[in-house]
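Order of writing sets the chain letters: A, B and C. Residues in each chain are counted from 1.
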Amino acid sequence: MQIRVSDLAKELGCSYVGEGSLLIKGAAPIEKAGPGDLTFLSNVKYKKFVQSTRASAIVAPPGIEREGLTVIISDDPYYTFARALWILYPREKLDPFISPLASVSDDASVSDEAVVMDFVRIGEGAVVERGAVLYPGVYIGKGVTVGEDSILYPNVVVYDGCRIGKRVIIHSGAVIGSDGFGFAPHGGKFFKIPQVGTVVIEDDVEIGAGTTIDRAALGETRIGEGTKIDNLVQVAHNVEIGKHTVIASQTGISGSVKVGDHVMMGGQVGVAGHLTIDSGIMIGAKSGVPSSLSAEKSRVWSGIPAIPHRRWLRLAKVMEEIPDLLKRVRELERVVGELKKERGSREDGED
Amino acid sequence: MQIRVSDLAKELGCSYVGEGSLLIKGAAPIEKAGPGDLTFLSNVKYKKFVQSTRASAIVAPPGIEREGLTVIISDDPYYTFARALWILYPREKLDPFISPLASVSDDASVSDEAVVMDFVRIGEGAVVERGAVLYPGVYIGKGVTVGEDSILYPNVVVYDGCRIGKRVIIHSGAVIGSDGFGFAPHGGKFFKIPQVGTVVIEDDVEIGAGTTIDRAALGETRIGEGTKIDNLVQVAHNVEIGKHTVIASQTGISGSVKVGDHVMMGGQVGVAGHLTIDSGIMIGAKSGVPSSLSAEKSRVWSGIPAIPHRRWLRLAKVMEEIPDLLKRVRELERVVGELKKERGSREDGED
Amino acid sequence: MQIRVSDLAKELGCSYVGEGSLLIKGAAPIEKAGPGDLTFLSNVKYKKFVQSTRASAIVAPPGIEREGLTVIISDDPYYTFARALWILYPREKLDPFISPLASVSDDASVSDEAVVMDFVRIGEGAVVERGAVLYPGVYIGKGVTVGEDSILYPNVVVYDGCRIGKRVIIHSGAVIGSDGFGFAPHGGKFFKIPQVGTVVIEDDVEIGAGTTIDRAALGETRIGEGTKIDNLVQVAHNVEIGKHTVIASQTGISGSVKVGDHVMMGGQVGVAGHLTIDSGIMIGAKSGVPSSLSAEKSRVWSGIPAIPHRRWLRLAKVMEEIPDLLKRVRELERVVGELKKERGSREDGED
C-alpha cells in the first residue's frame, strides 16, 4: 500500500522534517533503498549511508538531516520502522471461514470468527478461539486450545491436550506436544515411559518452522509469554522457558531445563539436562552448556564447554598458537635441561 | 484412572508395606508429589526427599520406610514406576476405523483392525497390519509395509518401498526414506545419483518428531530392533544402526556409518561418513567423531574431535588456562633467555 | 529393468571390453556386487577389489582389465555409473493427473501436464508448470510458481509468493518461505518485524527433508542454480547462496549471509550473520564461522572458530596434550625459579 509521509508520521506518533506530501510505496535497507522507499538508521555504523541513500524518507534519531531526504524522527528508529512496515505491508485480512474440506469433530468448539482451511483436522473437545487461523494440513489434537488471533501455518501439528495462547504464531512443520524422550533401561532394552504431561505455549510466542517441543512426562513443558523461538529448535520434555526469551535456530534444550526471562541464545547451542539458565543470560552461538549458568558470574557465555564470554574470546584468539606453544615448551625444556646439567657439573666442580 | 495400592502392587508383581487400600490417582516426581500420588525413588540423590514427600505411595528399593508412606518394593524402581504409569495412564484405545476422508489405493492391503484417519494417503501395494494407527496427514508410499501395532503420528511421511516393523512409534514430521544426499561432480555441476535403495525400521523402534532417515543409494538404511531416536536427528543413506541403541536430539550420522548395539549418543553429535561405532560405546553431547570408535580403546568418547572421555574432561578443565599459559611461557622464555645470556658471558669470562 | 552391456555402453557413449551380450540386472558397490550387477571403480583405494569382485561388469577408467569381468571404459567412472543407474532404475513416469481430493484455487494456473495428488492445496494466483509433481499434503501458497518438472514430495510447504524453478526437487517436510527471525526489542519485549520478502529457488536445486528456508524481511532469499542442500538445514532470511554449492545436513546459515558458487559445507556447520563466504571455499563439518571467509587466505576452513584447515588439523592433533603441557610448564617454572634463585645467591656471593 502507499501512504504520504505526513499520514505515516501521524500514525507512528512521530514528527518529521521535510516533504510531508511525499508518497511512500515501499521500504528497503539504507544502501538499497530507491525513490519512493522508506528506510531507517538505527546502527551508527550505517550513518555514512545517510548522504548517499536514494530513499525518499528515513526513520532516524533526532539530529539527522540531509538536503532532499525527509526524516521521520524517532528515539527508537528500528522499532518505529518495524511499525511503519506493518502499515506499508499489512497482514492480509482473512474472512472467517471453515472449509468444507476440513474435518472438525462435532465435539470441538470452533469460533465462527476463526479461519479453518482445507485438510485441517480438529479433534474432540478442542477449542479454537476467534481470529485464530489454521492453515491447510494443520492437526489439532483432542482437547487442544488455540487462543485468539493465533496463526498456525500449514502442516503444524499440536498433539492432544496442549494449550496454545493468544496471538501465538507457529510456522510450518513445527510439532507441539510429541512424546518426550524417556525410557527406563531394563534387561538390555529400553522401556518407554509414558509421556502424559502437556505443553503450554503462553501468549505472543512465535515458534519457527520445523521446531519440536515435547510434552512433559508428567506436568508441563512451558514456553513463556512473548518468547521467540527460531527454526529447527528442540525443546525437550519438562523444559520451562521464561518470558521474552529469544532462541536462535538449531539450538537444543535438554529435559527439565529452566530458562529464565529475557535470555538470548545463539544458534546451535546445546544445553544439558536439568540445568538452570538465569534470567538475562546471553549464550553465544554453538556453545555447549554442561552446567547451570549464573548471571552473577557472567552475563554472557560462550564455548564448548561454555565459559564467560570474555574468557572465551581470549581463548579463541590464542587457540591457533597451541601447536607452536608445544614446540616452544619443548625448546625451553631442552635449554633448561642443559642449564641444569651445567649447574650440576659446576656444583660438581665446586665440590 | 484410579487404583488401590494393593491392586497396583499385584499387577506389578511387587510386595508393599503400608496401606493397601489407599487410592492412587496420579503420579509425580518425589519433590512435587501430593496426596493421592505415586512417586518413586531410583537415584540415591533423591533419598533425602523420602522424609518430606507428600506422596501417598512410593516405588522404592527394599529398606526404604517412612511413617505414613506406603512403599511398593522393587529392585528396579524406575522400571516398575514406568510400568505403573502405563496402568495409571493407559494409552487410549482406538477402535479400528478407516476414515472416508482418507485416500487408500484399491491395490493396498489395510487390515480391518487398523486405524486410518483423515487425509491419510496409502499408496499402491502398501500393507498396513492390524493394530497400526495412522494419524491424519500421514503419507504411506507405494509398497510400504507398516507392521502390527505401529503408530504413525500426524504428517509422518514414509516414501515408497520402506518397511516399518511392529510396535514402531514415529512422531510427527519425521520423514522415512527421502533420497540420500549423493551427487557425482561433473563439469562444475552436481549430477544426482539415483537413490534406489530403501529403509528398514525393525520392531520396537521409536523415532522422534522431525527426524529424517534417508533411503540407501543401493541396498538398505537400517534401524535395529528396540533402538530409540530422538527429535530432529539426521540418519544418512546406507547407515546401519544396531539394536537397543539410543540417539539423542539433533545428532547427525553421515552416510554408510555402522553403529553397533547398545550405543548411546548424546545430543548434537556428528559422525563422519563410512565409520564404525562399536557396540556399547557412549558418545558425549556435541561431540564430533572423525574416525571409527573402538570400545577396546575407550567406552566413552567426547569432544571435537572426539577423544576418550576422561581425557576430554581433563582437557575441558584446563582449556581456560591456555591464554595464561601463553603468558607464562613467554615469561619463561624471557628468563631462560637471560640465564643463557649470562651463561654465555660467564663462559666468555671463563675463557 | 534389464539391459545388455552393449546397449548400456551405447546409451552411455562408452566403449567396452568383454562380453557385450551380458545382461545387467542391477548395480552394487564393488565389494558387494554379484553376478548380473554393474559396479564401478572411481577411487584408487578400491582398485584391490577389481580382482575379487563378483560383478558382471564394471565402469572403470582405461587400463582396468580382468579375466571374466566386462569393462565399460570411462574417464569419469563415477559420473558414468550414475548415468547408468538412471538407465537401470528409471524414475517412475507419472501420468498427468489432478486428484479430485486436491484443493486447487479457481484462480490458480495448473498445467494439464502436471501431477497434483490428494490433499494438495494450491492457492490463488499460483502457477504450476508442466511436468511438475506435487505429492500428497503439499501446500502451495498464493502467487507461488512451481517450474517445469519440479518434484515436491509429501507435506512440503511453500509459503505465499515464493518462486520454485525448473527441475527442482524438494523433499518431505521442507519449508520454503517461513518468516525470517526478526524482532525489534522495545520496552523489554520483542516486536515482530514483518517479513515481506520472498524466496527464489533457481533451476536444478535439490532441498533435503525437513530443511527450512526463510523468506527475506525485504527483498529475496535466493538459492542459486544447481545448488544441493541436505536435510534439516536452516537458511535464514536474506541469505544468498550461489550456484552449484553443496551444503550438508544440519548446517545453519544466519541472516543476510552471502555464499558464493561451488562452495562445499560439511554437516552441522554454523555461519554467523552478514558474512561473505567466497566461491570455491570448503568448510569442514561442525565448524563455527564467526567472520567472512576469503578464498585467498585459505580454500579450506575448519574448527570453532573456523581457521585454515591445515592449522586446524595441527591444532586437533595436539589438543590432547594440553593438560600435560600445563604440567610441563609448571615443572619448567619450578626449575627456572631455582636457577634464578641460585643465580641470585651466586651474584650475592660474587658481590
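Going forward, a residue touches a chain if its C-beta (ideal position, glycine included) is under 8 Å from a C-beta of that chain, and two chains touch if they have at least 3 such contacts.
Computed from a predicted structure; not experimentally measured.
Homomeric contact subunit A/subunit B is classed as different-residue, with under half of its interface positions used by both copies. Rotation angle for the C-alpha superposition of subunit A on subunit C: 120 degrees, rounded in steps of 5. Subunit A and subunit B have centres, each the mean of its CA atoms, that are 25 Å apart. Residues of subunit C in contact with two or more other chains: 119, 137, 155, 173, 210, 232, 250, 268, 304, 319, 322, 325, 329, 332, 336, 339. Those residues of subunit A lying in contact with subunit B across their complex are 103, 119, 121, 137, 139, 155, 157, 159, 173, 175, 178-179, 181, 183-186, 188-194, 196, 210, 212, 214, 218-219, 232, 234, 236, 250, 252, 254, 268, 270, 272, 288, 303-305, 307, 311, 314-315, 317-319, 321-322, 325, 328-329, 332, 335-336, 339, 342. Subunit A contributes residues 26-29, 32, 76, 78-79, 81-83, 85-86, 89, 91, 99, 101, 117-119, 135-137, 153-155, 169, 171-173, 204, 206, 208-210, 226, 228, 230-232, 244, 246, 248-250, 262, 267-268, 285-286, 304, 316, 319-320, 322-323, 325-326, 329, 332-333, 336, 339-340, 343 to its touches with subunit C in the complex.
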